[in-house]
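In what follows, subunit A forms one complex with subunit B and a second complex with subunit C.
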Partner chain A sequence: MLDANAIEKTVTKVSFKDIEQRRVLSINYTPNLQYAWDNGLAIGRYLAELKRGRIIGKKCRSCKRVLVPPRLFCETCWRPTDEWAYVQDTGTILTYVVSHVNWDASRVKPNERYHTPAVIELDGTGKDQGILHLIDEIEPYDIKIGMRVQAVWRPLEERIGTITDIKYFKVIK
Partner chain B sequence: MALTERIQKNIDVGYWTGEIPLQYIYTYGRAGEKFFRSIKDKGVFIGARCDTCDITYVPPHIYCEQCFERLEDKYVEVSSAGEVYTYTFLLKNMDGSLKEKPAILAVINLEGTDGGVVHLLGECDPQDVFFGMNVEAVLKPQDQREGSINDILYFKPC
Partner chain C sequence: MGYRRVAIVGAGLTKFHRYALETPKELAFEAVKMALASCEMELNDIQSVCLGTAPDAFDGVHHNGEYLTDGAGAFRKPYMRHFVGGGTGVMGPIHGWFHVASGMFDTCMVVAEEKMSSIYPHPAGAFLTIFDHTTEQPIKPTLIWIFAIEMARFMHKHGYTKEDIAKVAVKNKKNALDHPSAQLGSEITVEDVLNSEVMAYPVNRLDISPTSDGAAAIILASENVARRITDKPVWLDGIGYCLDTAYWCNRDLYYPDYVEVAANAAYKMAGITEPSKQIHVAEPYDPFTYKELHHIEGLGLCKRGESVKMLLDGVTQRNGNLPCCPSGGALGVGNPIAATGLMKVIEIFLQLRGEAGKRQVSGNPTCGLAQAWGDLMQVGTVVVMRR
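Up next is the complex of A and B:
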């Protein structure tokens, strides 16, 4: 049986202050964790097309979907995908969230807009799949599932071939 | 079932770079704290002695590995000299570039103990190192010691 008192005796309580003031010795180390991530064939083409202001996917003839972002392999049909296909930059909000929390876990300040990421089903891709992007130009709590949206692109000279070449999606009638 | 496409020109290969922010603080534990504190304050190596098993652990442990006896009140001072148990040469730096002069990394079995420390050998050339070579620790001046393994500069032949 575990005896709490016996365990307590073996525990050394160390606070962050003890370490800071070097009452307890320690090694502080920051490893240099740089990485380079290979885009690969499918994402490489996807990002190159975003730079040109187009969204490209890859079609699977078996399930009739156009996979966006493109993959070389269809995960539902378990087979290689077929031809490349451009899709629209308009779509429908499948789901969304109003986030009061920033990326670094701090709270959104009162005068700032809440973050509103959404999953957007692009026109021409097929049902129930979407890409994750931001919604803007609308009050966060006015967003509804099923709203029609369109991509707002950065100007050509600012695009560098990333998903943020689309600034956000705006609601259209 | 092979994939139907491949990249033909390597200039088509794109990539993303990034950095993973990671930081750690490692505390030495109870026995480790004693070991490094003793080097820092007194310049003396300590080990932990289990009389039952006739083993002297360096660096010290709080338990005997063989009989699980508590060794926290069994710390003993040990010699800072010993012999080379095994060694290797480091020709390259962490980033892969060649070192100007090879570093000699050795496991040193301290005299009268069953343990050892991994450290650099200094004041000797690679061709002169051999198994069983007698060496002793060279410490930093006391005011520069900060309680880490680097308080020992290197081991030198003696």
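Up next is the complex of A and C:
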């Protein structure tokens, strides 16, 4: 049996205000950590192709998927992948969100557009083979699962070899 | 089989609260102290310690598991930490089971601690780095996005509505009114959920569990030792755990296959062939409202696509045929990540002993289940318990 009185005494309840106004004392710390992440061979090629305006995957002949992002091994068949394969920059929305919050839980400001990330199955990859990206050029609450979309690329001179070389996906007929 | 039977013999739980003054070590100390007192044991009686705590980023302390050992009573004892995101709490009894079932130790203290209030401005920020740094982080994803993404897919596949799913929050927050550790017990309506702030459609604020500080602990013992400690041991008769691929966009999110795999392993071990009949009370993981339903389906407590019917028919209410989250769950009791899963295990422990007080489910249950979930839509941890 849980003892309600004992449980009540385990925690001293304070509030954000108590901390903010320093009624309880705390130490502040902001880490400054820097990393250079290696991309590996597969993601390296993926990024280089994005810079050229193309999306490349790697095929697994065993499960017939074209893996995007590409990897040197198929994680489900647990074998090396086979040939490189370009896939289309068009696809289908598998699922999506209309997010009123930013990554750090702050709220989207009234004059800003809600974030509309989606999982998009690119044509040529295989069933349920999605990537995470953003949808734009449509009212957020007009987005529907199953809509057809196409990548909107940054101009060539602005591309640096990153997933955001695709600005977003727009809905196509 | 080549292992010993393992029982839970004692349990301790702190209050769950958004900002606790206590340090992580102090929270762990309180939970461990209560667990020992609950079965009249002393720290000297404990032979090994297993501890779960979620990302080090919450505390800003690397090797956080080692840092917590003092509070967990692990001084000069065999000690191991486990970590599988939100699945960590139910991984605790699984981890401890190996220590005792193997014959290596006769007793094991399993501790789960989480203090989420240390990180500013909000613990959500710590989750950015769980996503792939090259292919996903540049899009600035947040944890709520992937829950909303999964919820939208789940609703789309089964035709569930937000009104249906909101009833999980109504049920769990009401159940939590009777839980002494609860942070958010309240009487709310479906309208309250639907009218609460939209965080990321289809997720509203009241669809989400709170951020919390808190700790939990249980004591495991081998069969002969357990019977000396208590007249009412609760046996860990089935364990199962499984991780799916981290390429979470490359599978259909409407169904948690990894939970099914974990559950089936636990059922096989416990000799359960019809979970919806043989499990009498369950604590599926409910960090978001839809997650309870998603997991009920993955656990095979109903057929795919029938969890909402089960909810609407009252089957999962505390007085229903298969009560789910009678504690109040993460939505009502609170969600100090690792401690939440262990809180669920403790609820089943109390329910099977008939010691859940006002929360006691009817029907004199003899078999229950606790489950947690975590990482990138990836982890299922399941324990089946019997008295």
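The criterion applied here is as follows: the second predicted complex is superposed on the first by the 141 of 173 C-alpha atoms of A that agree within 3 Å, B and C clash if a C-alpha of one lies under 4 Å from a C-alpha of the other, contacts with A are read in each partner's own complex, and residues count from 1 in each chain.
Assume a residue touches a chain if its C-beta (ideal position, glycine included) is under 8 Å from a C-beta of that chain, and two chains touch if they have at least 3 such contacts.
Quantities reported herein were computed from a predicted structural model and do not represent experimental measurements.
Novice: On the A-aligned overlay, A:I19 touches which partner chain: subunit B = first, subunit C = second, or both, or neither?
Specialist: It touches subunit B and subunit C both.
Novice: Counting only touches as set out at the top, which of subunit B and subunit C does A:Y29 meet: first, second, both, neither?
Specialist: Both: A:Y29 reaches subunit B and subunit C.
Novice: Comparing subunit B against subunit C, which has contacts with more of the residues in subunit A?
Specialist: C
Novice: Taking the superposition as given, does A:E75 touch the first partner, subunit B, the second, subunit C, both, or neither?
Specialist: Second partner only, subunit C.
Novice: Name the contact category of A:D136: first (subunit B only), second (subunit C only), both, or neither.
Specialist: Touch status of A:D136: no partner.
Novice: Going by the contact rule set out at the top, does A:P117 touch subunit B (first), subunit C (second), both, or neither?
Specialist: So A:P117 only meets subunit C here.
Novice: Tell me which partner A:W103 touches in the superposition: subunit B (first), subunit C (second), both or neither.
Specialist: Only subunit C is touched by A:W103; subunit B is not.
Novice: Intersection of subunit A residues contacting subunit B with those contacting subunit C?
Specialist: 12, 14, 19, 24, 29, 31, 35, 37, 39, 43, 47
Novice: Would you tell me which residues of subunit A are touching subunit B in their complex?
Specialist: Interface residues on subunit A, with respect to subunit B: 12, 14, 19, 22, 24-31, 33-39, 41, 43-44, 47-48, 72-73, 79-80, 82, 161.
Novice: Using the touch definition up top, name the residues of subunit B that touch subunit A in the complex.
Specialist: It comes out as residues 1-7, 12-30, 32-33, 36-37, 40, 146-148.
Novice: Within the complex, which stretch of subunit C touches subunit A?
Specialist: Checking each residue of subunit C against subunit A gives 13-22, 27, 30-31, 34, 60, 121-122, 124-125, 128, 132-136, 138-142, 144-145, 148-150, 152-153, 156, 179-181, 197-201, 213-214, 245, 247, 249-253, 350, 355, 357.
Novice: Going by the contact rule set out above, which residues of subunit A touch subunit C in the complex?
Specialist: 1-4, 6-8, 10-16, 18-19, 24, 29, 31, 35, 37, 39, 43, 46-47, 65, 67, 69, 75-76, 94-106, 115, 117-119, 128-134, 140-141, 145, 162-164
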